[in-house]
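For reference, chains read A, B, C and D in written order, and residue numbers begin at 1 within each chain.
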Amino acid sequence: MRIRTVGIIGDSMEKPELNKIAEELGKRLAEEGISIVTGGREGVMGAASKGAQSVHDRQSSSRVIGILPGTSQEEGNKYIDYAIPTGIGWARNQIVVLSSDIVVAVGGGAGTLSEMAYAWAYNKPLIAFNGVDGWSSKMGDKAIDDKRKDKILSAKNVEEAVNIIKDIFSKSHQ
Amino acid sequence: MRIRTVGIIGDSMEKPELNKIAEELGKRLAEEGISIVTGGREGVMGAASKGAQSVHDRQSSSRVIGILPGTSQEEGNKYIDYAIPTGIGWARNQIVVLSSDIVVAVGGGAGTLSEMAYAWAYNKPLIAFNGVDGWSSKMGDKAIDDKRKDKILSAKNVEEAVNIIKDIFSKSHQ
Amino acid sequence: MRIRTVGIIGDSMEKPELNKIAEELGKRLAEEGISIVTGGREGVMGAASKGAQSVHDRQSSSRVIGILPGTSQEEGNKYIDYAIPTGIGWARNQIVVLSSDIVVAVGGGAGTLSEMAYAWAYNKPLIAFNGVDGWSSKMGDKAIDDKRKDKILSAKNVEEAVNIIKDIFSKSHQ
Amino acid sequence: MRIRTVGIIGDSMEKPELNKIAEELGKRLAEEGISIVTGGREGVMGAASKGAQSVHDRQSSSRVIGILPGTSQEEGNKYIDYAIPTGIGWARNQIVVLSSDIVVAVGGGAGTLSEMAYAWAYNKPLIAFNGVDGWSSKMGDKAIDDKRKDKILSAKNVEEAVNIIKDIFSKSHQ
């Protein structure tokens, strides 16, 4: 029954280069019937959610889930279907990652870096966009520590990221 | 965009009397297109989720969201559409409540009592089933403290609970 | 090495009757070399911390630990030795309880009720003041649910509470 | 009243090179009357706590505080004075940082990286050991993002770290 989810993490500032990627990524994943998980705020989170909303409607199985730091269902961006206010501040970064089958990073500062670290620690497949401004460009093809044998995957554009995601899902049985 | 949610809280033990109510409540809410939020485990949580799943399909706007205490998307009952593993143990009770527009309690022990307390503290409309075994029967028509002017609402059966819920949603503008 | 701690929970409003009990309780426990854990805010939390501070100094082994809901070390009352800002809001109620060997409730509203529920769920010895305004008076000598075989202990004054606490510690081996 | 605290973060694996630094750092800070905050587990956390314990006794104002991921006061290393079990898993990394006036990183993998990110996001002074194996060596003299104007401080040995810490405390007024 469980619906497949991809977490999209990245800069909360409005950076056109990153937002363009995030919106296209959200759109493409929604077209595949995949639901989106974000931290519910602006920047990459808002753009990815907007992209997903542009495709899906109530007849699609794709929904946008926003895992919010505060206590109000209204604090997130306007593209959220399910608002999950956690009330635990940036500790909610752990929950963004845990609620995602796969995590994709698009740029990002300290918050995104903490999420990439959690994704690694919790053994989630992690894809980092390269060639952009922010932490995702520094982490592709690297191991965060030696507790995992694999590396962070790297994508240079949306199509490559979507192909990696579809490949991972096709190899899992859920 | 935000989809209406009702949180259903209650006993995690399998008690037929409570499960019957919870399953019927989940079913009726799903028929109204309302999504269900639970703590993702067994007992009332599992029964409510099962009831909702029996109605909705991918063409309905109703989904079942499970806010899980552990770190695995697989730890919840099998009727969950969106698994939100929080990794924060029973502190996730705060998130169950915050993610719900309205909270309904069906029986319940210490965990449910903490959720009723959070629902009150976070100013959520709270409906408690009476005439059943557990804390919900003790809390209807009472105020938990004097920080709110209203009282916990009381329902004696599923139809009454659904009517209260529809009435609350009809008065709100979201 | 671990220093014994007693959590003191209760009303965050300033109620003279409750504050008098809490301050005396904090003082008496500090005299016994026991450290105090509170939620770090006002009312019973502040009064208990003030009482403990009135006794202990750097030569005593007693300290006051404040488990704060916000992110600032400065947000608590002024009697805190160790400020633990959690940034997780009222979900910190779980941590107040988990950090205490024994929990004592003095009055209290919804927040205190959630802490009593957590104390029960996490199997902590729990003492509730009776004869005062608030939830502690309603819970003494009761079981919150049937997952524990014991009952919430009841104290009618500070001396009785201190004797119960000393008795519990004398029976444990830490 | 509030007692000064330094958080020591780093590898949870037992790496002699890192443990030697951590133990010496804990010892030197305890000699200065500063209390230690760690995540309460092994490796750098255990070594720093052991170092601090070797100096302080009940007549010193220094204590060791362990912010634990699980729910048991007994789960941490044996050098903890105050065990703070959070029950929130690695989300407790946020609390380790928030409970520290200054954070020092010694090596470290994904968990330490998340803590460095939180320290930056929550505006804490952050000192990273260089010349060691792990993330601390990669972060000294860098800015994690442009939300702060300063950089992560860098220390090449314990004495340099202690001097930076004393300097920071001497410039603050608490």
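Rule of thumb we're sticking to: contacts are C-beta pairs under 8 Å (C-beta built on N, C-alpha and C of every residue); 3 or more make two chains touch, one makes a residue touch a chain.
Bear in mind that the values here come from a model prediction, so they are computed numbers and not experimental data.
By number of C-beta pairs in contact, B-C leads over the other of B-C and A-C. More than half of the residue-numbered contact pairs at A-B reappear in one of the options C-D, B-D or A-D, namely C-D. Separating the centre of subunit A from that of subunit C, both taken as means of CA atoms, is a distance of 41 Å.
We define each chain's centre as the mean of its Cα atoms; on that basis subunit C and subunit D are separated by 28 Å. Per-chain Cα centroids separate subunit B from subunit C by 30 Å. Across the assembly, subunit B contributes 71, 87-91, 94-95, 122 as residues in contact with two or more other chains. Subunit D meets subunit B in the complex at residues 71, 87-91.
Interface residues of subunit C, counted against subunit D in their complex, comprise 1-3, 5, 35, 53, 58-59, 61, 63-65, 67, 71, 73, 78-88, 91, 94-95, 98-99, 101, 122.
Within the complex, the subunit C residues that touch subunit B are 88-91, 93-95, 109-111, 113-114, 117-118, 120-122, 134-135, 144-147.
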